[in-house]
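Take this structure, written in structure tokens, and hold onto it; I'll ask about it next.
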Amino acid sequence: MNQIQLEEMLKAFLLEDIGSKDVTRQSIFPPGQIGKAEFLVKEDGVIAGLDLIRSVYRLLDETIVVDVQVKDGAIVSEGDVIAQAKGPVRHLLTGERLILNLMQRLSGIATLTRRSVKSLNDSTIHICDTRKTTPGLRVLEKYAVRIGGGKNHRFGLDDGDMIKDNHIGVAGSIEAAVAKVREETGHMMQVEVETETEADVIAAVKAGADIIMFDNCSPSEVKERVSLVPDHIVTEASGGITLETLHEYAGTGVDYISLGYLTHSAKALDISLNVSISE
Amino acid sequence: MNQIQLEEMLKAFLLEDIGSKDVTRQSIFPPGQIGKAEFLVKEDGVIAGLDLIRSVYRLLDETIVVDVQVKDGAIVSEGDVIAQAKGPVRHLLTGERLILNLMQRLSGIATLTRRSVKSLNDSTIHICDTRKTTPGLRVLEKYAVRIGGGKNHRFGLDDGDMIKDNHIGVAGSIEAAVAKVREETGHMMQVEVETETEADVIAAVKAGADIIMFDNCSPSEVKERVSLVPDHIVTEASGGITLETLHEYAGTGVDYISLGYLTHSAKALDISLNVSISE
Amino acid sequence: MNQIQLEEMLKAFLLEDIGSKDVTRQSIFPPGQIGKAEFLVKEDGVIAGLDLIRSVYRLLDETIVVDVQVKDGAIVSEGDVIAQAKGPVRHLLTGERLILNLMQRLSGIATLTRRSVKSLNDSTIHICDTRKTTPGLRVLEKYAVRIGGGKNHRFGLDDGDMIKDNHIGVAGSIEAAVAKVREETGHMMQVEVETETEADVIAAVKAGADIIMFDNCSPSEVKERVSLVPDHIVTEASGGITLETLHEYAGTGVDYISLGYLTHSAKALDISLNVSISE
Amino acid sequence: MNQIQLEEMLKAFLLEDIGSKDVTRQSIFPPGQIGKAEFLVKEDGVIAGLDLIRSVYRLLDETIVVDVQVKDGAIVSEGDVIAQAKGPVRHLLTGERLILNLMQRLSGIATLTRRSVKSLNDSTIHICDTRKTTPGLRVLEKYAVRIGGGKNHRFGLDDGDMIKDNHIGVAGSIEAAVAKVREETGHMMQVEVETETEADVIAAVKAGADIIMFDNCSPSEVKERVSLVPDHIVTEASGGITLETLHEYAGTGVDYISLGYLTHSAKALDISLNVSISE
Amino acid sequence: MNQIQLEEMLKAFLLEDIGSKDVTRQSIFPPGQIGKAEFLVKEDGVIAGLDLIRSVYRLLDETIVVDVQVKDGAIVSEGDVIAQAKGPVRHLLTGERLILNLMQRLSGIATLTRRSVKSLNDSTIHICDTRKTTPGLRVLEKYAVRIGGGKNHRFGLDDGDMIKDNHIGVAGSIEAAVAKVREETGHMMQVEVETETEADVIAAVKAGADIIMFDNCSPSEVKERVSLVPDHIVTEASGGITLETLHEYAGTGVDYISLGYLTHSAKALDISLNVSISE
Amino acid sequence: MNQIQLEEMLKAFLLEDIGSKDVTRQSIFPPGQIGKAEFLVKEDGVIAGLDLIRSVYRLLDETIVVDVQVKDGAIVSEGDVIAQAKGPVRHLLTGERLILNLMQRLSGIATLTRRSVKSLNDSTIHICDTRKTTPGLRVLEKYAVRIGGGKNHRFGLDDGDMIKDNHIGVAGSIEAAVAKVREETGHMMQVEVETETEADVIAAVKAGADIIMFDNCSPSEVKERVSLVPDHIVTEASGGITLETLHEYAGTGVDYISLGYLTHSAKALDISLNVSISE
């Protein structure tokens, strides 16, 4: 994570939640009142985003001391205390909602990714994400996918080429489309071609694609198409694969399976904060 | 919606997704190539966020013409075309991912809110949201709740007072806590008190709370506690209520039920974009 | 105050005043030269904004040590030293103008608010501000009103509803206007109705307004109209009330009097900075 | 005015005032409802800031048509209509507060500046402002001073050198201080020296100052000291001059008189907006 | 180019150059005075950045009409008029400096790139840039390299992996370093290995690098090392290659040569603006 | 330098270079691994920008300790170590590219400025810069000119008036143009007039210009024209003067010579960073 970028994001999020002031807490808690906060897991899963506790609290009050019990990626169970923070109560409480909103979402994504990896149960195939992320949170959500054992697909339209149906139609052929794209980009940019048919796959190989994606294919189709692709070209299956059907793709020999649901359908992992006031 | 604020948000989201350039589309589609885009609903639900189509496209290319077939709040079915856009293909495609990522999420929230309202089936009780929203998207997500037939709870820590357990502990009593908060705020600021017991409810009434919340109460408990509160004080039930248990709260006489799941657990509504190239 | 928001404001203000460099001071004062700065009150009043000394200096130089002699809200007299700062002279002087420009204005507002409270001399009525604040300084100016013993009206168009003449005309009636607004908002949002006549007041009561404002009313009119409003509805007098006429409203029984002049006509309180160079 | 800078300022100010939404107006006025707004002067003075009407409304709604009856600098009387705007009522009203808050302040400054020029009644002396402006509004307030017939002193610490007491003390002498500053700056940067005594004035002349300021001097002192300064060096009187004492400085032969009160003590000029709904 | 990003950059650059106002032009040219501006090339070269004329002027004044005579990449000669603009003189002149500062720099880079391509005279080898670009201008400078016939290396630390000496030392071996990096990244991320010796090249091939870079190698060394690398792995020569020695690398069979001087040593191409006032 | 402004610039530059993460370094170097970095000069010149090392590293990691061996303005030779830094290797390397890109450019400008001063070899004439700076870097580049022994011309269109050909044409005469500009500006703003002929010079003197510039004049022309200008008016030669012809202007008696090439044609000074890993 780029800490400078993260800090700007967190400032914006705190501003959204706090607005001009935290009325209630400032009325009730005297500035010097010290308390202890415990982050408590309320359902089993994989934790992601623990560093956010420190990052958010540092923005609110540099005197808050954070103590983290586990590491990102840890498998946790209901009842586990994953972190503690000590410092002025009003700031412990002001940061609560943002930390939980983010950490619950990231842990939810990490948990779902890990569940997907286990369900697939084929260590030769990587699970990866898509661009179907929450606007404004892409960097964080893709981090959570890695924590859950997945890989990241491209981060935006500028760090990888994806040649799709439409592009091929306009360019005239897969070969022409790849050639056009290669003309504009350099060697650090991977070119991926979406294919619908076996003929497409053969054309993409011939066109020199770096990655060939099989769109909306059944496990047996994936298997057949993988066999058409030489080893140094990466293969990817995508489209219509759910947590329920994922395991059927084990053994197909494909290199990557990309799953939109990892980021757009993850349920938040339930985590709560208990704050006690020091005497 | 504040359009100036929305535009700044959308610019930031486009920058996240596009980065320095949309490599593939710029390589393939000549600047003048015109196309038509259809937004197609792929599962039943309630649409929210249609204005985003126009707002996002205006940022990318002012010549794109958007035609919206339904209004936010419309109940749509699989196969419905909800909007069309016509203009340069490269910009139609560049905006695709952001529009869908946002509109699917907002429509998912609106759909879940409407389902909750119908499930509760008591028009004297309002469903409302919480602050458990996605960081950076609170204004949009709360809009979606309204579109689905729900109400909005406070937008941040600065536009409403919530007096909780901790606050009461430190202040000494509910009465003392309310008094302290009133001291700092004016008449435009509602004061809500979270209550655990009947004694708390009675104390909150006496303290002059504007809103009394019953935390983690069963339907019968809610009913009893409502009876302790005079008419001009608003009542709210919150905590542990799910889509499955919601209907049990019909007839309790409470004014509001706040539901965190509306925003943190809504599944995206499946919507897609079909772009065809004009000859 | 939200410190994150405050810091961004102060950075922008420093940039406006310093520009690319503080030419003179950087030419003359060697980086290590230490000095002492005394903030000296030059006319009687109420101090507001002392924290700004620390906040501004921390942005310029973390080694500056600030020592504050009084608290915000202190009643000070000509000649009082309210704070001292010690550190590099060039930074003490670079921050001078911004600190004084802000603290003088805030103290002026606090002083005028306190004078208004004393002049009214009725502890059952609250003095409050309006949205007639300096663009960019609303949060700070409303803070100064609180320090002076006043209350805050709403902070913006989004944290309170005000139904006015025009609205009522378009909606058809006060009742219709209140109903329309209630439809769109939740229980955390107060609805205030501006009334011109006794009939309006009666209609507003019937419509269930949370707050009823008497616009441009004489003290006796206010008194009469207050008597038409049940206890749980808050009343407010507004319009055309000056520091000179304010005391006539004592004893009217109204709950709030809102005064635009607190923020748009406050004279700056004269405060100066004396910097001496350490040998 | 730099329009790009102005637009960013106005966006920030609108965001401060509107927040996430304009609740009341959006509830009541249908999007298409057209109205007419009249800007009405309520006390005699000089108008400054008319362009803000167009600039603010363009940000809210490009269809609003603004018609301005007078120009900045116009002398207006109670009852004058200075501008009209026509367009969607909800946007006419949403922009109202910001336009008035700014235009009233700027017109107040222009009015006070003009009054000062007339009171001084010596066309060989220029009235000018200081850096005692409202943080965030310096560019606008200095514009208002020009509109009222005054001149601008420096805009910030980076576009002019001011050598003061402290600087001279540290540098050892006026000559040394000027030399040090000249070493660091180029020919586009004016060097002004604050003087306390006649000896200072003589030293400043010898040191080659571009501008010599007489600090806290009586009219007769100013007159004497002006006579010590050759013609090509500009002279300025500053410190302790009020609207009441200003006229005593007529005939002193000084070139500039700088007045902090122009910006920190101007009373807002009363202007109001009347909105009528088109049938 | 991402127009939204470009516009934000240009606004910041205009603010840097204009500051609070363009004093001289606003004093002299009445707002309505129309003029014509001609962009005139004053030395032979390749033009890059013509779109900036339109983009900058649109920010200053939407009524300025720009007419471009050539396209980016055009080879121009001294005396060529490459573009004309017509509109208010004051805005034509206000934008002059920024447009020229940027277009001269980009055209200088494009010219130097084209000269390099011609000097190398081997169409099987691509010339490409590095990260040695001007801070704040990377996207624009890399665009200029493409216009001159070059390719782009990675845009930042996040869109490509470069494994260097230090990394290899810490990881223990090239193989270990590549493995570590692959663990963290997905298939859209190219992994490039910097090699010093033939043994390194062999190790990098075995480690499965996507790109192998030969650091500081003579033409004959490059030729030998290329022969060690299978076809599907891209090769790159880098380090110490100048415009003078570049042609010696023709025929080496390497795929890419990266040149820091393209962006850090390009001389601005001389272009000027002639503005004539319309009668 | 204004540190607050500098920090914002550096954050933006780091974001441009790092993007969302520094993939390679984060994969390879464990967070705690400590290293030492040496900044090594690789060609003779003048160093400018040493403070950037500390400023950039502080943004990345506050534990990095920087030790600077020389001061800005030092004359350095190939092989000199100018600074060392110690701290986490991953952050030492992440900041490398930005520090070098900036410091090399600034040192190049300082070196070229010093070479110009020495070549001119007339201590009565100041070398100064222009507005032909890199967009976004003006403040830094002008700092480098000062470090090299030059002076700064104006920083932007708002801190100095330049009356040129076009202005004079429209205003009717030099006298009219100066008068118009003086009307709008105050005494802190220098008015410079560009002259083409001796008649222009005489007119500019009569018009009361503060600075008179001789545009595109030969050394003998400059000498003659200087003799037409009284001592208290500053003179400047500009246009078409190169490093090769500069020495011919020695002895002309002009006060300033402004040189665009100082900032638009400076070659980067070669500096490198060697990082060694601590055991």
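First chain written, first letter: the chains are A, B, C, D, E and F, and each begins at residue 1.
Heads up, the rule we're going with is that contacts are C-beta pairs under 8 Å (C-beta built on N, C-alpha and C of every residue); 3 or more make two chains touch, one makes a residue touch a chain.
Please read all numbers here as calculations on a predicted model, not as lab measurements.
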Query raised in the report: What chains touch chain D and also chain F?
Result: C, E
Query raised in the report: Copy of D-F's interface among C-D, B-C or A-B, judged by over half the contact pairs being the same?
Result: B-C
Query raised in the report: Across the interfaces B-C and B-E, which one involves more C-beta pairs in contact?
Result: B-C
Requested in this report: Find the geometric centre of each of chain B and chain D from their Cα atoms only, then give the gap between the two centres in Å, rounded to an integer.
Outcome: 44
Report summary line: For chain A, residue numbers touching 2 or more other chains are 2, 18-22, 155, 158-160, 184-185, 189
Query - Interchain pairs in contact, sorted by label - result: A-B, A-C, A-E, A-F, B-C, B-D, B-E, C-D, C-F, D-E, D-F, E-F
Requested in this report: Would you tell me which residues of chain C are touching chain D in their complex?
Outcome: 9, 12-13, 16-29, 33, 89, 93-94, 97-98, 100-102, 104-105, 131-138, 155-164, 166-167, 169-171, 177, 180-181, 183-185, 189, 264-265, 267-268, 275, 277
Report summary line: Residue positions on chain A within touch of chain C in the complex are 11, 14-15, 18-22, 59-60
Query raised in the report: Which bits of chain C are touching chain B when the two form their complex?
Result: 2, 126, 128, 146, 151-155, 158-160, 184-190, 192, 211, 232, 234, 236, 255-256
Requested in this report: Within their complex, state which residues of chain A touch chain F.
Outcome: 1-5, 8, 139, 155
